[in-house]
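Look for chain A in each of the two complexes below; its partner is chain B in the first and chain C in the second.
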Partner chain A sequence: MINWRRVLSVMRKEWWHITRDKMSFFLLIVSPMLILITFGYAFSIDITNVGIGIYDQDLSPLSRRYINQLHSTDALRLEAFPENMQDVDRLLMRGDVKAVVIIPRGFARDLQSGDTAAVQVIVDGTNPNTAGHAIQHIGAHTENFAAKQMEAQLRRAGYTASLEAPIDLRIRPWYNPSLRYTVSMIPALVGVVLAVPAMAASLALSREREWGTLEGLIATPIGRFELILGKLIPYVLTGMLSVPLCVLTAVYLYNVTFQGSFLLYMLLALLFLFATMSIAMLISVFIKSQQAAIMASMMIFLFSGFFMSGLLIPFALMGPLLQMEALLLPTTHFVIISRSIFVKGAGLTELRGFAIALLGIGILSFVLTSLMFKKKL
Partner chain B sequence: MPQNCCFSVDWGRVTAVSPETAIIETENLTKMFKDVVAVDDLNLQISKGEIFGLVGPDGAGKTTTIRLLVAILDPDSGWAKVDGYDTVREPEPIKSRIGYMAQQFNLYGDLSVWENLNFFADVFEITGQERSERIERLLNFARLNEFRDRRAAHLSGGMQKKLALACTLIHTPDIIYLDEPTTGVDPVSRREFWDILTELHLDGITLFISTPYMDEAERCSRVGLMNDGKLIVCDRPEKIKRMISGELITLWPSDMRRALPLILDLDGVLEVQTYGDQLRIFAEDAAEIDSRIRDTLSEASIDILDMRRTQPRMEEAFISLIQHQRVEAEEAAS
Partner chain C sequence: MFYRTWNLIKKEFTQLFRDRLLAPLVILGPLSELLMIAWSSSQGIDHLPTAVLDLDNTNASRGLIVAMENTETFDPYFVDNLDHVTGDIESGRALAAWVIPRGFEARLLAADQASSPVQLVVDGSDVMSAQTAVATAGGLVASYGQSVAFQPVMAGAAQVPLDMSLRVWFNEEMKESNYMIPSELGFIAAAIVAMLASMAIAKERELGTLEQLMVTPLRSLELVIGKSVMAVSLGYVLYLLMLALVVFVFDVPMRGSLTLLMVLSFLYMLVELGWGLMISAVAKTQMQALLITIAVIMVTIIFSGYAFPVDTMPPFMQVISNIFPLKHWLTVFRGILLKGAGIQDFWQELLAILGLGIIIYTFTIILLRRNKLE
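Moving on, here comes the complex of A and B:
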């Protein structure tokens, strides 16, 4: 019963609309990349080079060695050397340093005599992320330094045994060995921004309603399935152009290695765009004005995309109700797909479940759209 | 006032309406929007090949009637059949037999003249040689040949209307519905548009046109007057003009405001309508009332600039009929 010639004709007409309307063209092709570029920076900052201050009251060769140990990696940067507590206060208050290490008088003496030496660290807790980073790295360096001191003392006392822990714990993070935040966030963000082209599709019907062209169209024998399909396909295909743009941005701007198959990524992105755009069409059936349709699709694809897809809040931490909602959202599935292909190089076998979910959401929304759309005013 | 007048009049040269030849037929067709009755108990029969004009003021229910008849709106009660198909149960066969030109410009402004025609040809499944021939013929017919590559949004109002008409004709429909096709169109384009409609009429196409213009109503083979959702009268234009009782005098007094109540008080005056600086007086006997008007006005020292017997036009007839309906409605309410 479907007249494919009509479907093709609607497709060609929609293609003309898309290419002749700058707004649609921008939303479909360029905007995902722009959002990725701007938001990417906000999401991808791996914390390094946190500025700290050292208040060295001991001024001994040993305290000097300890300080050298602290900035032996680029995790911490020696920013200031306050000489009294007022300076310490001022530096922290102004935010010049995120932590101050205070080495008390007698540090070297205590160490050499085998007593426990005290070191105080004052941390700016305003931003728990940088504070945590400073604590972690100051702690690690201090333990390292203490271990070396202990070895040296034992050697002096005539023991030759080296200090080896009874359990040799070796942690090797696979896929992202340096545990870079960027490597995890950018591929997920690509998944979220690729939902933006669907916002253009949500205008497909409401625009014709506002133009008044829909009234003429429903008075013709065109089938509603033909109309919806003819509108959907050009949007999905045009939206596909934004996929390589986003992947290239991730790889070349954010230095995220693309481990998996690009072909598979394109294939699953096609399913993802089909699912999001079918939802957008469904919105377009119910919401009459273009503005309201844009607002509704923004809520679904941008806000829910950011907060419910597992991009910011891990899926496992969501409540059961929220999890159910998140599973209905195509973005949730595609964020996992995008991360897995980018970082792990996962194949179709591992991702089959998510692919089926996307296909299911797409078909369901498409069928609902075709059924809900009535050729009546 | 005959309500279902369409059943009871002599059609003269128009083919007599019988259920076999009625191409559009409605019975007690009613459509409500919340509490407002947009179309109220409409009974209509239109035969093949007519130019039917639906006339009435804004908000009378003309557009709603057309939308019900093109099967894009369902009635609340009653039914309508187009070419034998019920608009609610069998809307799709109707849609392939009709052309509908909505009041609002409803083509794609970002598509060219040719692209619009081409799109609608596809929608109506016109293919091959026939398709290109028809498109060429319609471009000539609508006098749009030299504008074929221009975007529809950049056409003048009159050209847009002609393009819209061409698009509704692409599948050679049996019936075309035109909702106020000439509103907002300059007089020259309007005349040209009507020439095209006349050609279509001569080709045997049934035309259903709504218009607020009385001169256009006079060009229809039959006219229905709608007001407040009701069909007040439905007949041939010359019959409608003869429906108003009395004879018509047109008077140009020097002081309209004072003259009006004086003339309304005269015995034998049936109705007075005002038109700018003129009064149109309907009287039982025009010759008899003539002298009394002169006497009354000279007593009140109002000059008569001109006064003469005139033929009632559609416009007077409609205003008279609408006024009568209002009075009746008020009486019925009280």
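Moving on, here comes the complex of A and C:
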């Protein structure tokens, strides 16, 4: 049976250990927030103002009108006007512009005579996001310009009916009316970064072993369940301090509205931290040195958290094997919980399944840890 | 001096290999991240489970559904009432839903040319899928509508007035992985070197063995060099391993000179090592070293253009970004790999890295002097 007095003394010792080093304690609590700010910033940045070059061989009033159309919005910025192909080459190689539009000689003549005029666009594909943005906007402006020319042609041909789009697509984005990236990504990210304190917890047993103080603990009458529990609880509590910080960052820095119940959020975060910290303890039992423990927990919490948890690739689109693997990660469940409470305002009834999964993962790893931990050196 | 340093290096490696898990984990960790990045950046957002409520059930509406299926963005399945649509979106079973109202075809073909409405519902809580759905749907609906409604009128009346021919250079298929994988490779080896170096000295300090080292004739410079050799050689081996993987397995093009890349990346790694040493001068325990390194890495990621391009940042951040060696290095690295660039294309970046290296090492030496090593 668990003797709570013994658990309490291990807890006190571990708590003292965490808080004694003020700098580590501080960094431990703010590190999730720091990562949230970093990656939140990456998700909230809009690509605008992509620099492009224009090589106008035609130099006609019509080509000038086309160029004006290209920079009529702030999506594209006219950065350079190369005058020969060597310049075009150099600009793209250096990365000074992301795309070059080449307007060939005869552009105006072809347009006016009703032939198809051609413009050439060369895009630097190195960064597909910027390249995609450039292509999309150059394409839209070109289409726009073409539509005006087309209309003129149709009118000249005597066509009088309306030229409105034949199908009117009405888009209804639920939960996130203007489809802002931050509204969906930041809550998911909160779920990922809250796993970071577990990296520090994975040092708990390895440290005692490296320092040789484990010997002292083994000599005491404390049971292994009591020891692990006493080590676990202070880290879970420290992690709980980060939760409101992250939620506040999401709400005030990134303007994400918190739709659900904060109390429920804290409760489920507690389950999540219990699950991650238990896994951290499991790592700590297997791995003897702190450096190795860090590497292992980085793989599990940081890397897998980012890539396998449904943050970047929706869970529904993963293959069955990856889905199974993802379900073993507590982060996968908490990303869904965090998104649902934040964005959809979901309650416990909708999230029951995920809560049970977290509890299950936590208890399983806790029991495994306690069984694997031999009171031997 | 060399003899003493050599002995320390031998001790470091003995220690490294005695910990049977450390070396494999140091190599496995970054490799696994690289694999995950490769997987997630090659994984397109497509085949979204899509509920379709077709209230019209005519040739035109079925044509639209076929056109939708052909984009491969949507994986349509049919439902028969609106509640079903609502329920599926709420529970997350469907990430998008189309509702085609009764009279769709009639209005589309009617002579008065009033627009025929179609509804697309997307789950905004998963914005990646939602954005893809919206972007694809716009083009799909416009071209389908035109082909059905305008074709008869337009036949022969006019041709496309302006044709845009598109050529993509350097990353012809615009593969996300060709951008993300080199970034990752350029970044992670350096991060590992900094982390190993910062924890190595902190470990001696934490365990009290630094004291023992201090009473030997070993001087602190020799100690730092000995520790660094371990971190850099482990990091460099790891780097070459990942480079081979990236070029041969992930098919990222290698267009520039391999020798140039190998030499420059070694120099760059030495600059980043400076960060690790600077941290080791202040950190008292391994946990501190770890947490400070994470903080430094996070700030570097913001500014370096690792995940998102520098030229789209606000101007003042673009100025600050210049003090991070990684920013310049990524330009060089992507240039060599994807563009086949040579020194004449990026000598400015190299000078910047060199200058920053000198500054970082100056600070490191000052800090090491002031904090001593005890």
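Methods note: the second predicted complex is superposed on the first by the 263 of 377 C-alpha atoms of A that agree within 3 Å, B and C clash if a C-alpha of one lies under 4 Å from a C-alpha of the other, contacts with A are read in each partner's own complex, and residues count from 1 in each chain.
Here, a residue touches a chain if its C-beta (ideal position, glycine included) is under 8 Å from a C-beta of that chain, and two chains touch if they have at least 3 such contacts.
Here the structure is a predicted model, which means the values were calculated and not measured.
Within the superposed three-chain model, A:K13 lies in touch with chain B and out of touch with chain C [touch as defined at top]. Residue contacts after overlaying the shared chain place A:E215 against chain B, while chain C stays out of touching range. Using the contact criterion defined above for the overlaid structures, shared-chain residue A:M299 touches chain C, although it does not reach chain B.
When the two structures are aligned on the shared chain, A:I135 is found in touch with chain C, with no touch to chain B. When both complexes are overlaid on chain A, the residue A:D21 reaches chain B and chain C alike.
Within the superposed three-chain model, A:R5 lies in touch with chain B and out of touch with chain C [touch as defined at top]. Once chain A of one complex is fitted onto chain A of the other, the partner contacts of A:Q86 are absent, as it touches neither chain B nor chain C.
Which of chain B and chain C touches more residues of chain A: that partner is C.
Of the two partner chains, neither chain B nor chain C is touched by A:T349.
In the superposition on chain A, A:R170 makes contact with chain C only, not with chain B. Common to the chain B-facing and chain C-facing surfaces of chain A are residues 21, 211.
In the complex of the two chains, the chain C residues touching chain A come out as 19, 21-22, 25-26, 28-29, 32-33, 36-37, 39-40, 43, 45-49, 64, 89-90, 92, 95, 108, 111, 113-131, 134, 137-138, 141-142, 144-146, 148-150, 153, 157-176, 178-179, 195-196, 199, 203, 206-207, 284-288, 290-292, 294-295, 298-299, 301-302, 307-309, 311-313, 331, 334-335, 338-339, 341, 345. Contact residues on chain A toward chain B in their complex (touch as defined above): 3, 5-6, 8-9, 12-13, 16-17, 20-21, 211-213, 215-222, 375-377.
Across the complex, chain C is touched by residues 21, 23-24, 27-28, 31, 34-35, 38-39, 41-42, 45-51, 92-95, 111, 114, 116-132, 135, 138-139, 142, 145-146, 149-150, 153-154, 157, 159, 161-162, 164-177, 179-181, 183-185, 196, 199-200, 203, 207, 210-211, 287-292, 294-296, 298-299, 303-304, 306-308, 312-314, 316-317, 339-340, 343-344 of chain A. Interface residues of chain B, counted against chain A in their complex, comprise 67, 70-74, 91-92, 95-96, 98, 100-102, 104-111, 115, 118-120, 122-125, 127, 167.
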